[in-house]
Amino acid sequence: MTTVDQPAPARVREDNYLTAGYGWKSWFLTVDHKRIGILYLLSLTGFFFVGGLFAVLLRLELLTPEGDLFQSETYNKLFTMHGIFMIFFFLVPSIPTTLGNFFLPLQLGARDLAFPKLNLLSWYIFLAGGAFTIYAMLSGGVDTGWTFYTPYSSTYANSHVIAAALGIFVTGFSSILTGVNFIATIHKMRAPGLTWFRLPLFVWSLYATSLIMVLGTPVLATSILLVFIERAFGIGIFDPARGGDPILFQHLFWFYSHPAVYIMILPGMGVVSEVVSCFSRKRIFGYRIVAISSLAIALLGFLVWGHHMFVSGQSIYAGMAFSLLSMLIALPSAVKVFAWSATLYKGSVSFETPMLYALGFIGLFTIGGLTGIFVATLGFDVHVHDTYFIIAHFHFIMVGGMVMAFLGGLHFYWPKMFGRRYPEGIAKVCSVVVFVGFNLTFLPQFLLGYLGMPRRYHAYPEEFQVLNVLSTAGASILGVGFLIPMLYLLWSLKFGAKSYGNAWNAKGMEWELAATPPIAHNFTEVPTWTDEAHDYSKLTPTTEETPSHAT
Amino acid sequence: MQPETAAQHDPTLAHHFESHRQQHEASLVGMWAFLAQEVMFFGGMFLAYTVYRHLHPEAFVVGSLTLDPVYGTINTAVLIVSSLTMALAVRSAQLGRGKQAALWIGGTALAAGIFLVIKGVEYSHKYHDGLIPNFAWHPSETSAPSLEIFYSFYFVLTGTHALHMIVGVALMAVVAIRALRGRYGPSNYIGVEVLGLYWHFVDLVWIFLFPLFYLLGRHLG
Amino acid sequence: MQQDLSFFPEAASRGAHQVDALTWWLVGMGTFFATLVALLVIVLSIYFRRSKGKMPVPIEGSIPLEVMWTVIPLIVVLFTYTWGAKVFVDVRTQRTEGMRFFVTGKQWMWKLQHPTGHREINRLHVPKGQTILLELTSEDVIHDFFVPAFRVKTDVVPGMYTTLWFEPTKVGNYHLFCAEYCGTKHSAMIGTVTVMEPADYQVWLSGQPAGLRPVEAGALLFENLRCDTCHAAGAGQRGPALEGRFGGAAQLEGGRTVDFDAEYVRSSILEPNAEVAEGFDRLMPSYRGQVTEEQISHLIAYIASLAPANEGETVDADDSPGTGATEGSER
Amino acid sequence: MNEHNPALRHDPELAHVLPLRTYLGVFALLLVLTGVTTGIAYIDLGVLNTPIALSIASVKALSVILVFMHVKFSGKLVWLFVIGGFAWLLILFSFSLSDYYTRSVISGWGG
């Protein structure tokens, strides 16, 4: 219908969502999904740096084989709090609650999410959960590992398990409500003409993510609640001395926490699809299959949790079933990886910061995913389970994958969100610093793991030192690489070049129809949209030659 | 009902929806997604129940014999009544009869209250019998050793269920007031419908809790 | 112990080579696909970099390609799975012939007992070339018995018995780690496994204060705890006869039957009323708190060694220390 | 579910009002089944006790879902969520229990 084929005119809007109200009330009581997205962004950044600080302390301790910097008790609390903050308070909500919150309605042509008040409530619940956890941290910390394995967590630990468990329980509901909100929005708030197979891939990935949030998180709530009850009321649930079964906890925990790793990667894959498509000026290769592969990952993701329990005392037959199903997740993942690569073919590829992050994502996710297949291989996992090999596997996906995708997405959407550009040159340099620092940190850990260094070790045998020093060196570079973007992004809010148009000549309703920055209710009237997703085929040479920095 | 132009000013239609139908369907989808969540939440606990029953069959049989089936059966009936009244409340709202809907909701809340009182009486009996794990645990000699596990689950599951009921009653107050104010009508009764869905779900949980706790060892007792 | 920098761990058991072979396959496969993707991304993005006047060519997709990159990985992962499962089943299925050691994990140490009754803490001496069978349990939280040089590990779970076996092929000292986080001194719950020539092992054994062999210790306990007042040999006692029962089935009140195995004996001692033998009263007291996991393991060993009543006890039969480790319990 | 068909923006009556009879019928059925399941519980049916109790509970649950919760008269999407919810429950149960029912026993013991 009346869709726009060329970039929207550079409308200078001063009446955008940022200027729609001032004062703390206009932020803390807002029901505007865009403002809520920014509230999340701020809180998540805080949690990330707290988690990052813990990581730095971990790496410092591991410089030397002796446990000389911290007491072992402190070290145990450090990695626990690192894991808890990074997973539950940063990576799980990362892209969905920030970029997802901000752009989902814009990509759907809706004025808001289906339940705006619920959206705000989710953020408050998230903060409440954070408050409990911060309380647990300040009052002495938790030392159970982020996995809360029983009976250690339920009976033996004498740290602040109750507060931390409560924090995670509460935060879980924030996640669930976000998922419910997204599902209802995607089903019922699409603009006229926007059929399922015209949805941007980011929306598909958020939909798959939301399904996992809704169907998986409650089981985490159950498992954590049971630990909480056992500790708070002293009744026996997982305590073997009272007839309990500690392995049951692991089933319940991983029923959520494996699917949760796809909460932590699918949105990143969505962002990468947007970015790769935009910067190679092409629709993603095999759009439909890529869209459906997100759902396939979400579904398969629920069938494999026992691969964390191969040597836990789980039956070997169950182990074999779980291993086989884990292998199958390689297929939808392969579809995505190869589709991104194939999209580059005969494209018009440019290398702005978001694209650098996206390309980095593809490489590092592939390594992380392949090593995921390694550890899903039964005979191999017996040896590397609970060693640094696992640590390296998941940091490759979570830091090399998701954090990179998050940074890429943030740079990609920054001009749209704030109407300001970040400094491109320094940003590119930083993305390379992150890539180098990252590999230096985590590649050595694969070797450490195979050599047999167990995880959660505060002191270790001397022969592991060289690799640990390398890893710590890498982590320092990585830390710098993460710190600088925060500084220049903040700087750009005030001093960045103005960007009132379609910063990247990108396709999609959020770029072509919404103002920059978007107005309070997104669209003055509900648009009709009949374009295919990521449809870059209609580019004309003139629009193409506009250097993407021009604003 | 509402003419299209009036939709903009209609207080029962949130600003970001295009039509009551959209609002209705979005809320319905949202609620069902939420209920799927609830299924999994209780599902985890039912799984724990199943596993422990598999590991300690005797304790569960003995345990069920120490529960009073009279309370259980009465409470089941009470909940079924409350489900009926709730269904009728939704029906009244569908027909635009606000006062009637509020009345039915009140009836439902009353039934919920009765249920909770009976549950409370039951809990206090357990207290006197020394069957509350950790707090008052001194079961009679002959009981099975893992009885404590059974009771842990009895209290966790019925407790969580009761909490859901209390939340439900609180929601009923809100919806009843809105119903009295005439907020609901044939094209706009989703608020009552959603409350109803929640309440019926609470009933569903009990439908399974009842045989699993009260009845499973009856034939031996 | 390995001191120098190396990037590949020593392989000191038969199983280790099996795992290493699998590893090399994985590394090869992984390198291939990672390189493939890296090359695709780098080459394509540079070759098709943006330049004036060059337009991107819209491509919708290609079913043959999609099929290709689904089916090839499928074949690869199925092959990987099969290999991995084969190694796993071999590693995780307990052997029946070999020297049986009993291991208890406890915050934060390993208690190990030889078939001869010798005990060690955080140190395990084993002879080369023998199949070593471990039966493990924990007295508190979950631990994990991990010997990198043998490429084996298993969680050690309270209230449950897990097993492990390995066949050392190389004399030397190897790390023993606790690989499941178990609290404050998790990283100090480490030890050494010393593999010795069988002859040296015998010498070492003879230099150690020998404890009672598990069966003997069990027999003593059986008397001291007064089990024999109810379970004396022969029928008509207060408690069921235990001779020749191990490995068979136990008939329970209410018609159920369960395996008369280690877990069952353990729970009979700790929770006698949980599973009550058919035709007997709930007379047996619980011994929870009165016996350690190690003592329970002795009682199990003793009960397992009891031959059917008419054949007499086997406690004193066959004791060449160290090697004759298979007594009693074969089905 | 063409929610954006402009013709529907006139907000037709969304309600599908069921006759009172239907509700009362389901109510009666629920009460009867409660009585039946309680009664049957006192009879020893061997291994069948639990399956029968659960089947009756399932019939009760089904009638609540279909009628009281209006699922019978709802669109495909609602069906999808109902079935999805229970399918996921089935995943949780079947995979977890597959572990518990296939744990191997230690065959030998001794020293």
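In this document, chain identifiers A, B, C and D correspond to the written order of the chains, with residue numbering beginning at 1 in each.
We adopt the following convention: a residue touches a chain if its C-beta (ideal position, glycine included) is under 8 Å from a C-beta of that chain, and two chains touch if they have at least 3 such contacts.
Nothing here was measured: the structure is a model prediction, and the numbers come from that model.
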Central chain (by mean CA position): A
Given the two chain pairs A-D and B-C, which is bridged by the higher number of C-beta pairs in contact? A-D
Chain A-chain C separation of Cα centroids, rounded to whole Å: 37
Need the CA-centroid distance for the pair chain B / chain C, whole Å please. 46
Just give me the whole-number Å value for how far the CA centre of chain B lies from that of chain D. 15
Which residues does chain B have that touch at least 2 chains other than itself? 18, 22, 25, 29, 33, 36, 40, 43-44, 47, 51, 55-56, 59, 145-146
What parts of chain A, by residue number, touch at least two of the other chains? 187-188, 215, 219, 243-245, 247-248, 251, 255, 313, 316
Hey, what residues on chain D touch two or more of the other chains? 3-4, 77, 84-85, 88, 92, 96, 100-101, 104
If you look only at chain C, which of its residues touch chain B in the complex? 254, 256, 271, 273-276, 282, 286
So in the complex, which bits of chain A are touching chain B? 110-116, 176, 179-181, 183-185, 187-189, 214-219, 221-223, 225-226, 229, 233-237, 242-245, 248, 251-252, 255, 521, 526
Listed in rising order, chain D residues that touch chain B in their complex are 1, 3-4, 8-18, 20, 23-24, 26-27, 30-31, 34, 37-38, 41-45, 49-50, 53-54, 56-57, 60-61, 64-65, 67-70, 74-75, 77-78, 81-82, 84-86, 88-89, 92-93, 96-97, 100-101
Given the complex, residues on chain B that touch chain A span 14-16, 18, 22, 25-27, 29-30, 33-34, 36-38, 40-45, 47-48, 51-52, 55-56, 59, 133-135, 145-146, 148-149, 151-153, 155-156, 160
Complex interface listing, chain B residues touching chain C: 56-59, 142, 144-146
